[in-house]
Amino acid sequence: MKKNNLEKVFDKLFPINRSIMGSGFRKSLDIITKGLNFKKIKFKSGQKVYDWQIPKEWNIKEGYILDPNNRKFCNFKENNLHVIGYSSAINKILNLDDLKKKLYSLKKLPNAIPYVTSYYKKRWGFCIKYNQLKKLKPGKYKVYINSKFSNGNLVVGEKVIRGKSKKEILFSSYLCHPSMANNELTGPIVLSEICKKLKNKRLNYSYRFVLTSETIGAIAYLKKRGEYLKRNLIAGYQLTCLGDRGNFTYKKTKLSNSYSDYLAIKALMLKKKKFKTVEFFPTGSDERQYSSPRFNLPIGSLMRTPYDKYKEYHTSLDNKEFINFKSIQESINVYLKIIEINEKNKFYKNNLGFGEPQLGKRGLYGNLSSYNAFNSELSTITNNFFWILSLSDGKTSSHEIFEKTNSSLKIFNKSVKILKKRKLISVHDL
Amino acid sequence: MKKNNLEKVFDKLFPINRSIMGSGFRKSLDIITKGLNFKKIKFKSGQKVYDWQIPKEWNIKEGYILDPNNRKFCNFKENNLHVIGYSSAINKILNLDDLKKKLYSLKKLPNAIPYVTSYYKKRWGFCIKYNQLKKLKPGKYKVYINSKFSNGNLVVGEKVIRGKSKKEILFSSYLCHPSMANNELTGPIVLSEICKKLKNKRLNYSYRFVLTSETIGAIAYLKKRGEYLKRNLIAGYQLTCLGDRGNFTYKKTKLSNSYSDYLAIKALMLKKKKFKTVEFFPTGSDERQYSSPRFNLPIGSLMRTPYDKYKEYHTSLDNKEFINFKSIQESINVYLKIIEINEKNKFYKNNLGFGEPQLGKRGLYGNLSSYNAFNSELSTITNNFFWILSLSDGKTSSHEIFEKTNSSLKIFNKSVKILKKRKLISVHDL
Amino acid sequence: MKKNNLEKVFDKLFPINRSIMGSGFRKSLDIITKGLNFKKIKFKSGQKVYDWQIPKEWNIKEGYILDPNNRKFCNFKENNLHVIGYSSAINKILNLDDLKKKLYSLKKLPNAIPYVTSYYKKRWGFCIKYNQLKKLKPGKYKVYINSKFSNGNLVVGEKVIRGKSKKEILFSSYLCHPSMANNELTGPIVLSEICKKLKNKRLNYSYRFVLTSETIGAIAYLKKRGEYLKRNLIAGYQLTCLGDRGNFTYKKTKLSNSYSDYLAIKALMLKKKKFKTVEFFPTGSDERQYSSPRFNLPIGSLMRTPYDKYKEYHTSLDNKEFINFKSIQESINVYLKIIEINEKNKFYKNNLGFGEPQLGKRGLYGNLSSYNAFNSELSTITNNFFWILSLSDGKTSSHEIFEKTNSSLKIFNKSVKILKKRKLISVHDL
């Protein structure tokens, strides 16, 4: 079976050893934003961002253990999860007991290599399947990690597609996890696909795409753009866990009934997806940072199975087999629906508004009284005219008006277009 | 059986050929407002009112068709619905095929003459029962309409009965339809009956009565009084379809929970009427104009069977047989109940308000402690005193207070009167 | 069985002949506030307080009737309810018929002496059991009351225990009823017990205790402190009927959803008490005065069986047998719970608030990424940290935050303490 583009980019990205800073992050960002012209905002090692300080870059060449028989295992080259993220360099002989203190495994998932990092405290260590750990025999083990720390940059990839209004929707994801599939790559892949779809479109609203490292990247980005976002953001989503086979879960914004929530739930309904909603909770992904008290941005997270609901999360079992490219495509489609709904959400102002305009003289209403009009059916378009004119107060959204009419969306849009062309209404954004 | 006054006025009005302008309208207005001293506000032909222009007056003397055997039919003198409203003059011989292009009928109601008008576009035509149309034989037909257009006036009949407060309730209806009963004459008849009942009463609130032509008359009136109404209207109703045998239907205001809505629903309940409510929709009668975005007046419509729910609507079958004078009287009574409730809706201000006043020293409370007061019953009036004093904050309406008390309205009103007389509360309007 | 302190104080207070002014009131106030250092606010006889005027003091030495056989009955010394409150002096011979006009009894409760007063109108009279009344034989009766009126003071006992915040909760009761138990002494006893518990505590909020005469005392007090209370009161309760064996009834404040209501209902629930709530009504005790329109203070009343629901109310049957000291203690405990909840109700401000603070560098979060964090459990305390930081906007109360967490209160408080110590949040009052 031929690979589709989603799979191609996934396969390129999956093996790369990403971390919050370093060459793996940069390379991944280049691949996933290819042709999309993302701006790279850099924060230097040592720089303070609010309560945080940008750490050094971490780059690793090799990492493995040699067993008493000189056989390599926990080899970073076989699976980059074997070395804990931000491990310092080591080259040492240890006996089994001392080695075990440096090994991380999951008894409950004996065939999974766990994902472990230590960004802000110097340490080294290896991650190993519990089943393999159990079999290790006493003897001398050599641990070898060739890594180094150096001044560098935390990078935020940012792209804003400008529409007519500067009011915007934010799509944010993170690119700092090494070889994991659902809880890493599906977020950036969905994000870049949305971006591709929009980049050449004439849009009413602006759309912002942010790819960075979880937590510190979002915080650094807020330092740069938080105030702007407070003024201009109308909705936003943190993208993660978008590729498994489960149904959708929408984690609501802290406000619980924001426009983000409206759009997400509406899109899921219009797409006829099974889904459930969960209220905001302050653990999770970067919606936490965006929703912090001084920014309070309405960021929700439309996922499939959330991170806290599948056991493979943050292990080597969150891999290509775990996800499904059809699911990713579905997730893209729901997010595109959110945009579609938003693009159509206009606010009309009745340019006259003092009584009804005379539709007849414009050929928009029969100049012969529609006898028995209420028994024979008023044409849908005429009925739309009356609804739109009656509710065009600049505050009732087009969706709300549409839902009153019983019209098809097509006829409704046609009705709006006619009224607009005749200058009976003017259309504006939120 | 002797005709009651409702029937007498109905019989006078029914045959008159009304239209939006012209002698029929003027004559009808004079009849229905006889002794009520309505003001006539005039808008000249050619004058702009918002998006509209006042048309010319239309007056017609004769209108008929002669069949190949020289027999008259579609004779305006037999039923003024036979000639479409605002028909231009014609005197011409036609063959059957050409004639048929000028004939309007209703296949579904083969014995009804439809009601058709063409106010804003010059045309001529006749309305005919479908059963009669079917029988027309080929041959030469003479069509004859003796009508003329002339500069004149659109008239709004207006009467304001002033009460102590200039806050007011509007009753609006239209008088521009020719010989139809439920959807024309019942509205003006109910309106004038209310007006008669109120004209010599001492009232707390003001009441405004408006009789004009549907749509253009309401728009012209808004041009004149819209700003005043925005400041002073507390409720209002468009009167139509008030004479059939059906139950009541209350079409709510656009706000859906306005004081108009409260009063109408309350009146229907107190009168123990069967009724249903429907949400506002922007087709219908002049509630559309009053509710347009720049005025947004809270106008509801308390009807019996609404225009869109009976097949005789806008045809010759909406005639005296279709209606019932008992139904009209019931409709009047419900509207009078609305007024009665409104008249009683006061706002009280506790003139002291710092703790309770000493009722005992005024003889309003036993100066002997009412031992076992809570087991024996506190007299209703005393209990009312406490409720009224406690809630007299100037914002809680008398109705709300009354509903807390479990008192009869009579005793409640007596309680208020006493407190007011003793200057413990002052009473004011909305 | 040994008397507990509640019973001891009850036994001291019960026999005293209290009234709205006079030595009985003063003596009772001294007993019940012993060691609590209440301030005595005095209002002189003749002074105007709003619509009221402070009456004279009433003091009585003797009161009885001699029957035709010279046997004493209705002896004030046997039961002070026998003489109506504020009786003027009398010394007179009457025949039975004239005597009966001066006797008050309850046919429905034939063994009860009713409680009757006449504060504002001079009269004299006796209260008698109906069963005794029935047996009186014709003949000469001597009525004797040795009482006098003199200028004096209405006294309000007031104690404010100051906490860190000057925002306060009011506990109010009255001490003007003679020998009755549930509807008199239980209120002051509960009030003084709360006061004792709080007096040496370091408190976050202030607590105000008011003991005075019902109605006129509360009104006089409002004259003195009403404006201050309007600015600083956050909740308040009128204490009465707290000692019978019935379940709790909470009479809500006029606002119906005030902080007073929240605290009372919460306390009852946390204490797992059976209770019902009733909406505010403007008869009852001094919540009426506090809630009057110009003050509108949110005063509720947490009672057991309310005054209007037990037949012994305001009679000699509301005595020591009717109440139960265990019930009084339970009532005290619920009020103390109200205070406990209030004391803990803080408002947090995230001192950083721009994204999350870096908990790891403070040792408040693992510096090793908590692999599989969502499947293994995040420690409760860490989860609390995130909730508290996320919701520390200065407006969300600690209770609301606590209820989101699923943490025990102990761990929650520990979490707050840590965040506060680390200066990540600051804590403030309402």
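The letters A, B and C name the chains in turn, as written, and every chain counts its residues from 1.
The definition used in the following text is that a contact is a pair of C-beta atoms (placed from the backbone, for glycine too) under 8 Å apart; a residue touches a chain by one contact, two chains touch by 3 or more.
Since we're looking at a predicted model, the values are computed, not measured.
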Fraction-based call for chain C against chain B, same above half, different below: different
Size of the rotation, in steps of 5 degrees, that lays the CA trace of chain A over chain B: 120
Distance between chain centroids, defined by C-alpha means - chain B, chain C (Å): 57
Interface hub residues of chain C, defined as touching at least two other chains: none
Interface residues, chain A side, partner chain C - complex: 50-52, 84-85, 104, 106, 108-109, 114-121, 123, 127, 215, 218-219, 222-223, 226, 254, 281-283, 288-289, 291-296, 307-309, 311, 313-315
Chain A partner contacts - residues on chain C that touch it in the complex: 349-350, 352-358, 360-361, 367-369, 371-375, 378, 383, 386-387, 389-393
